[in-house]
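Two complexes, one shared chain (chain A), two partners (chain B, chain C).
Right after this comes the complex of A and B.
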């Protein structure tokens, strides 16, 4: 029983990391209609930037901001110079997926000679371990949970209570109509890439910190869990991604505690397949934050 | 590595031009049965993906072997070149990579690499093309392989498991290790250690429990918590790419205390050392890590030349000198040298002719002259002698299935990542262990 409770605590950490990654990913798709398979590589590129800043003596919590800023700018540039020109030419969604896959490979192979294939770790990877009953979490992990909750609340506030959020929702619902109503959709999309790119960068640093050590190959793993949470919750729905992160984060850890740990991914993705069979649109597809305003 | 890739891209038209010019001007530098033009060693291994750290060790072997041969006139005037063929550590990617390597390179003299990730997929392809290969796989399916072009210079994986049990039973300077946690990755190669280790440990009265982990996961906290509840005295492990994360979490959840852990020979690797020291510190690795490796002397004429050539190879591959004590690098270096000597000995570029000679040069025949370098071998062959090559990794002893076995040593790391030998297992001890393992 104590292992189950401990696993629940670890699940809170996992779901926080996944939520940070999945919300940015799903917003990119929901608002810009882009399934960005380069998301995992941007995460790992941001994690490496934070690593180099951290190695220069800067605290990882400050370096994390650098990672987020890098993710924002990098994602914005990728969209401006690669994705947007293809979209303007009317490239179909499947074609855009292939383009993003190509970008992913270019980033990974472009980074390899720079960062090498050796594992690296942040200087502050260890922090004090706190025990609350059977739950054992480090200070770093508690900060990650708090950070994820704060970011989720900020995303909720952005989408629900700001003019920008309403413009995003309008652009997501019907970009042509939104443009005709005077919403500068191109500018909105630029801002979306900056915000989601920032989330991507932040998630990359958090995931790398949570993993203790990481390599250039870690990006693919980050993408798969973010993608799974986004699809489970309903592609394009931030609240769905949050729910998906909660389910996948908790189930992977709890199934490792009660069943064979090497099957924890099987259990999580088995549930994903089951949900997709019963509710192909995902858990929150009709009630998401990006549904049309009003 | 990308630099290498660009260089290759630029090289392609140049090579094409040279081939056209050679075709116009007739054969140049032809030396009878050995042909002309550069010879290629294909390094067929993971250079990307989860096992991306493996390929560079094999590439370094080739880069070191090439000057050993080329600086002594090559193979009948033909120079050796090395080319990477990335399998990504996946059979689905490896098979096309092998086919492409064979189809586009008629000058392929040997293939090195083919790890447990892809050996099952690529070995039959390379064998069908009649290209001698030296594979770094310990999979049991190759223990009695019928592929005549397959060569294995390292023991089957199960012997690594016996070596680890040997640490517990015969290893020096450690308290009694009675409870053993097996923490191996969920890949086929790593899981092959579990059963023989379990059998042997139980035979010697030890308590053992298996805690497999999913390689590549971003965290193993629940698995670690479960393993810690078992209260092991020592951990057996090979979880390449995930060891740093796992052991870091062990230390974290065990109140900052690292549990002694024993690694397979694959953990004697600079990438693994960097991965684990980055999470649990160099001091902990020096103090708590123990490993098994094949018995190398890291000395002698052959090793000195290998080491010097690795330094030279740094101009092509900056990390090459780091593989000076990596067993696979040493063995594959020897494999390439033996293949080149076999070509010279048979005066043939036809692998169906020189392939059987590799085994003869490795094992030696009665009255054979022992040689340690390509140059020594060349001189002896030119003097009409038969030779036995004992190279940088020591002596080879191929059995009828082209598997070469040698003894195990018990090792640790020093603070610089160098291997330190603490003891060795005698043949009698190894036999007791393998009998206990029963496989």
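Right after this comes the complex of A and C.
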């Protein structure tokens, strides 16, 4: 029993990491209609940027902001110079998926000569262990949970209570109508890429910190978990992605406790398969803040 | 240029052509974005390996763990490889192709590919995990001495026969009324459904046919390489084949063959040449190769989406409307 409670503690950390990644991913899809398969690679690029800043002697928590800023700018540029031109040209969704996969490949291999194959780790990866009953978490992990909750609340506030959030929801629901109502959809989409890119970068650093060490190959794993959470919740739905993150974070950690930790991603995949068989539109489809893309 | 180098080049070319023809049937003709294509090649390779290898208790093979080991004579492992590819396509297709939207299908298949690799990599008792299978017997090695030039020519000949068969089958499918249904589904699924075509059945069939052909290509490859490990079928390998079909001209068998010769084979050779000339640090050349493949995909989708050898327009005399073949470019995208 105490094993399960301990696993629940790790589940809280996992769901925080996944939620940070999944919400950005799903918002990109919901608002800009772009399944960005390069998301995992942007995450890992940001994690490496934070790593170099961290190696230069800066605390990881400050380097994390650098990673987020990098992710924001990088995602913005990818959209500006690759995705947006293809979309303007009228490339269909399927074509865009291929484009984003090609971009993902190029980012990973562009980084390879710089960062190499070896695994690296942040300097502050060890921290004090705090015990609350059977749950034992490090200070880092608790900060990650707090950070994730704060970011989720901020996203909620952004979407619900600001003009920008309203404009985003309108753009997601019907871009043409939104434009006709005087919403500068182009600028809204630029801002969305900056925000979601920032989330992506932040999630990359957090995921790298949470997994102790990381390599260039970690990007695919990051992408899969974010994808699974986003699809589980209903792609394009920020609240769905949060829910998906909670479910996947808990189940993967519990399965790791009772089964084998090597198969966390496989369990996430199993959940994904079940969702696709039973409820392909996701748990929260048509009830979240954003309408389904299409 | 010695015989071994030529054999290497020709057999890789043959395997890539077979794979590209299969991917063209799925992606080019039917519009299934099969991002897990490489796992079907891998399934064929593993099946051919365990069908031809002795059990893992045999003295020379005891350093690896795998199930099976049936020591079956030549044509059976290759046929088994094709069957394995087709069989694997069944459950994957049933989960992915029936209810999901096309873009979901693509990402689901990508995830399937990554996860399958993770599972085989970590589950050592199944197929020897990350180390992979080694000492896979070559076809007919009991009858012919494999260290001779004659054997190289024999293997090239066997590969060529398979290429011919697969090309024949692909051409028959593409040019038949069935192929017309597939193109109708690709260009406008809703309209095809309205005309009484069953998209799920069409996609399933092409998924299985393509999977079987991919399995055959894997069997040919493993018989030649004699090793097969998870690192040989990572998901980027699928992207190379996509690049080949896009560059060559999707929907056109000749285009797929041309693409196979231009992209996987061409890049392999250029990389080999550059590495031999010691240009730049060793990591740089393979990384640049991948970046170029990405640029090729983007460049062709942008400037020449229909490829070097575009699919011929299937317009019939007297037809009141011209056929719309710009499906990925999205002439009718929402």
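By definition in this document, the second predicted complex is superposed on the first by the 280 of 294 C-alpha atoms of A that agree within 3 Å, B and C clash if a C-alpha of one lies under 4 Å from a C-alpha of the other, contacts with A are read in each partner's own complex, and residues count from 1 in each chain.
Just so it is clear, contacts are C-beta pairs under 8 Å (C-beta built on N, C-alpha and C of every residue); 3 or more make two chains touch, one makes a residue touch a chain.
The model shown is predicted, which means the values in this text are computed figures rather than measured ones.
S.K.: Evaluate whether chain B and chain C can sit on chain A together after superposition, giving fit or clash.
M.R.: With chain A aligned, chain B runs into chain C, so clash.
S.K.: Quick one: classify A:280 as touching chain B (first), chain C (second), both or neither.
M.R.: In the superposition, A:280 contacts chain C only.
S.K.: Check whether A:262 is in contact with chain B, with chain C, with both or with neither, and answer first, second, both or neither.
M.R.: After superposition on chain A, A:262 lies in contact with both partners, chain B and chain C.
S.K.: Who does A:15 touch here: chain B (first), chain C (second), both, or neither?
M.R.: A:15 contacts neither chain B nor chain C.
S.K.: When the two structures are overlaid on chain A, which partner does A:120 contact: first (chain B), second (chain C), both, or neither?
M.R.: A:120 sits against chain B, while chain C stays out of touch.
S.K.: Quick check for you: in the superposed arrangement, does A:82 touch first (chain B), second (chain C), both or neither?
M.R.: It touches chain C, and chain B stays clear.
S.K.: Determine, under the contact definition given at the top, whether A:136 touches first (chain B), second (chain C), both, or neither.
M.R.: first
S.K.: Of the partners chain B and chain C, which touch A:64 in the superposed model: first, second, both, neither?
M.R.: neither
S.K.: Using the superposition on chain A described above, determine whether A:42 touches chain B (first), chain C (second), both, or neither.
M.R.: Neither partner.
S.K.: According to the stated criteria, A:27 is in contact with first (chain B), second (chain C), both, or neither; which is it?
M.R.: neither
S.K.: Could you point to the stretch of chain B, among 22-30, 58-66, 166-174 or 184-192, that collides with chain C in the superposition?
M.R.: 184-192
S.K.: List the residues of chain A that touch chain B in one complex and chain C in the other.
M.R.: 108-110, 112-113, 116-117, 220-221, 262, 265
S.K.: Per the contact definition, I'd like the list of chain A residues that touch chain C in the complex.
M.R.: 35, 37, 82, 85-86, 89-95, 97-99, 101-103, 105-106, 108-110, 112-113, 116-117, 220-221, 224, 227-228, 231, 235, 262-263, 265-266, 269, 272-273, 276-277, 280, 294
S.K.: Which bits of chain B are touching chain A when the two form their complex?
M.R.: For chain B paired with chain A, touching residues are 1-3, 5, 48-50, 52-53, 56, 186, 211-214, 216-223, 225-226, 229, 241, 244-245, 248-249, 251-253, 255-256, 270-271, 274-275, 278-279, 319.
S.K.: Along chain A, where are the residues that touch chain B in the complex?
M.R.: Per the stated touch rule, the residues are 3, 6-7, 10, 13-14, 17, 108-110, 112-113, 116-121, 125-126, 129, 136, 138, 207, 210-213, 215-218, 220-222, 225, 253-254, 256-257, 260-262, 264-265.
S.K.: Show me the residue ranges of chain C that touch chain A in the complex, using the header's touch definition.
M.R.: 31, 33, 35, 95-96, 99-104, 106-108, 110-112, 114-115, 118-119, 122, 235-236, 239, 242-243, 246, 281, 283-284, 286-288, 290-291, 293-295, 297-298, 301-302, 305, 327-331, 333-334
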